[in-house]
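Multiple structures follow.
One chain, chain A, links the two complexes that follow: it is found with chain B in the first and with chain C in the second.
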Partner chain A sequence: MQASRARLFKEYKEVQREKSADPDIQLVCDDSNIFKWTALIKGPSETPYEGGVFQLAFAIPEQYPLLPPQVRFLTKIFHPNVHFKTGEICLDILKNAWSPAWTLQSVCRAIIALMAHPEPDSPLNCDSGNLLRSGDVRGFQSMARMYTRLAAMPKKT
Partner chain B sequence: MEPLPKKQWGKVINSAAFCYYKFDLLRPINLEECTDAIKDLEYNHDVLRNIPLEDLSSWWLKHLVIYRLKYPLAIRKAYRLLDGFTKPAEAESEKKSIHRLLDGFTKPAEADLEKPSTDESEKCAVCLDKLEETGRNQTRLVCNHIYHEDCIFKWVSNHKTCPLCRVVAVRDCAIISPQI
Partner chain C sequence: MDPEEDMHDARGESSQEEEDFYSEGYPSDGEDEDDDGDDAGYDFVDNDSDDPSTDVRRLQQNYTTLNEENISQRQADDINRVSTVLSIKRWEACVLLRHYNWSVSKVHDEWFADEENVRKTVGLLEKHIEMPNKRELTCGICFENYPRDTMKASPCGHPFCFSCWRGYISTSINDGPGCLMLRCPDPTCRAAVGLDMVDSMASREDREKYARYLRRSYVEDNRKTKWCPAPGCEYAVEFVMGSGSYDVCCKCSYSFCWNCTEEAHRPVDCGTVARWILKNSAESENMNWILANSKPCPKCKRPIEKNQGCMHITCTPPCKFEFCWLCLGPWTEHGERTGGFYACNRYESAKQEGAYDESERRREMAKNSLERYTHYYERWAANQSSRQKALTDLQALQNEKLEKLSDRQSQPESQLKFITDAWLQIVECRRVLKWTYAYGFYLHENEHAKRQFFEYLQGEAESGLERLHQCAEKELQVYLEAETPLKDFNDFRTKLAGLTSVTRNYFENLVRALESGLNDVGPSNSQAGSNQAACSKSSSSKSLAPGKSKSGKSRTGGAATSSRSGSSRGMDDSIWTCDSCTCTNPKSNSHCQACDRHR
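Right, the complex of A and B next:
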């Protein structure tokens, strides 16, 4: 408990110090609970997610960093490895390939990498996975782009 | 060399098991630590029974007990263990190689082991604290990555791999809980 708190505090300070280091990631800690974080990540360029800003929710277990944080998308996203309803993410480093050397920041980077390189063979979103597996890249991209526009882009007023 | 009393055998095996456990984590250990561990392990014989005896063999004895502990007592322990666990002929050759090692042994191996690595950052990847933080033991894994001892022990007790490079840092039979 104490160890996880201390470690998260270190990460917090690191995030504050290197705020401009990675303009694609904006990690924010909950005001009252250091075990709850949110992140805003920019959709990687040359993907259907380009131009979108996606919100992630982190729930950090007390045994962190021995156990991985629970991360999910709060913003709707059409991606083979993200559950369309719950936002749950299928990513090995968040499950069995977790290592304490990962940080919240590097997890965000891994998620951005996953957005750019979907793994259609382990889909949480079957529709999305099937489009890619059947070779309908265009169909997948237009669906993904549509949801990016609908959910991840600020509404023009 | 005087033989070790039979009564001490439990302790020898305990300390050997403990050394073995620590060995894969490649760090120098001292006698105090070892005796503390022996005290703890004395109440935990079930754990020791799960360690195959053939694994408590010459390899770690040479490298750990002698190279690390460098106590005359340890050599005695090593001899006793060799007599007990290996065939006589093998034991003889092991004893010779132990002596060869001792002859070539001038500087303590600890000096090399304690040197902080320059390639990796000086932070412990588990707690993100500085490694040199006062009063905390460090552990160097087989892959040369260094962590705080308490940090990495919490991790390897369930995972066996180095957090930074995923090298298998601990062997199956070495996973015991010294309950320290």
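Right, the complex of A and C next:
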């Protein structure tokens, strides 16, 4: 408990110091609970998520960093490896390939990479996975872009 | 000794023993002599019943039972060997061996073929990289700074603090046997973290767990060893590959098949056992039963079993459809004019036109196959429970009865081993007998001669075993209850030991005959081969003969005759042998005179 708190505090300080280091990621710690974090990440360019801003929720276990944080999308996203309803993410480094040397920042980077390179063969969102697997890249991209516009972009008034 | 004669001796005893006993008189004055006789008797029994079994054991000893200590010892030996040959550290040898499933030769082969590649896949660095040479280093997990000499690293030189290492190793160990493949926490580094790191940093509890996983891996990943599957047993069995029978007997006295780890199942092969066990558990039998004994409601399609009453069926709520059981038509169309409540004219006429043939036939077939299966299963299960009972009896015998008997008969317990032997034999026979029912179930329906021969052998085995069981159970009782003359007891000893060895021989031959697929009984399809077939047949009936019971004796004679005539058949064309009952018939007969089957 103490170790994880200390480590999270270090990460917090690092985030404060290097706020502008990675403009695509904005990590925010909950005001009252250091085990709850949220992140805003920008959809990578040249993907259907470009221009969108996606919100992630981190729930960090007490054994962190020996165990990985639990991360899910709060913003709706159409992606083969993200559950359409719950926002759960299927990513190896969040499961068995976790290493305690990873940080919340590096998890965000890994998620951005996953958005740019979906793995349609282990889908959490089957509709999305099937579109890609059947080679309908256009269909996939327009669906993903539509949901990006609907959910991840500021509403035009 | 001819066991058959022995049998007769044993049988004749009851009438002779009194006479003998009185002629000898009470043994008060001849105690020494009697003791001698007793010893001699024991030696004789020993030779007769123990030697063959130890012979068999010697032949079958193609496996070794290992306890925890043996396992660790062997593992340590293998690690030392690889470590010496490859000049690497012991923990490195351990990582290597685990990766190649503890095969020393495979490690050597791979290593000498492409050392660089092996090192890369397993995560062993050739050069030990030191930690960065600074006074203070940052731990890669907690990001704190510590003096260099309090940090530790794998040979890759990535520094982590002691408590983070400890947590990292502990998490991995508590996550399961995957801890044996632990790598450096740095995600870009694949360097192995081995036994030495675990031993120097983990808590005692974790170290023990790790050692246990290591031992388990040695048994489970190794192609030559398996755990004994008996509940609670901690032995492992090492098997010498390609050395005959897979049946092994663990030191805990549980016998199992090393190949499929089901309980020992000779004479049936592993595939048949798997099918049989699947069949016993399979839902398919339920389906068969439903198919055979029920009809679906014509409206809601739920299966209905008719176990009593008339043909007017009302389906259970909420359906409540009323229909005729026979023709499955709505009951509104039935009544007196269609034959009343117990018949259905519409059904009868439609049946005559053949409208129901297909579904009726399917139902009938399902019923037959179900009955056939039930027949074999019941007998299989009955022998199973008999065996369990015999095991319990054997326990009771060893726990108390032997001691009691030893007191009553003034015999040292060491000389009562023949009783334990008899019970062990009973247990073994029940096991074999049980599996013969699975064998019978899968024996091809069309191989009529084989089937009959099989059933004959099985029947003989059953009655032989029954006799032994009777003797070991009921007759023993007499000697438990009261003091009896020594002579009587010695006779009992001879009889039981004789029966044990006779039964053992019979069952051993039975197993061999069944394992060879009863190949010596085949339809006499080729006249040319018939001579040879007849020879092996006669040899098989001879080899089985020692176990033949008294009741089987006349039949043994019959079999011998028929095989003799069988061997002469090649020369004499004026007779033919029935495939079904092996009786010889004159050529003029087109049907067998014994069983009336067509030639």
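What we mean here is this: the second predicted complex is superposed on the first by the 157 of 157 C-alpha atoms of A that agree within 3 Å, B and C clash if a C-alpha of one lies under 4 Å from a C-alpha of the other, contacts with A are read in each partner's own complex, and residues count from 1 in each chain.
The rule we apply is simple: a contact is a pair of C-beta atoms (placed from the backbone, for glycine too) under 8 Å apart; a residue touches a chain by one contact, two chains touch by 3 or more.
Computed from a prediction, not measured in an experiment: that's the story for all the values here.
Q: Taking chain A as the common reference for superposition, should the pair chain B and chain C be classed as clashing or as fitting?
A: clash
Q: Quick one: classify A:100 as touching chain B (first), chain C (second), both or neither.
A: A:100 sits against chain B and chain C alike.
Q: Touching A:3, do we find chain B (first), chain C (second), both, or neither?
A: both
Q: Quick check on the output: what are the common chain A residues between the chain B footprint and the chain C footprint?
A: 3, 6-7, 10-11, 65-66, 99-101
Q: Where on chain A does chain C make contact in their complex?
A: 3, 6-7, 10-11, 63, 65-67, 93, 97, 99-102
Q: Which bits of chain C are touching chain A when the two form their complex?
A: Touch residues, chain C against chain A: 140-144, 163-164, 167-168, 171, 185-187.
Q: Would you pull the chain B residues touching chain A in the complex into a rising list?
A: By the definition above, chain B touches chain A via 125-129, 151, 154-155, 158, 161, 163-164, 166.
Q: Please output the residues of chain A touching chain B within their complex, sorted ascending.
A: 3, 6-7, 10-11, 14, 65-66, 99-101, 103
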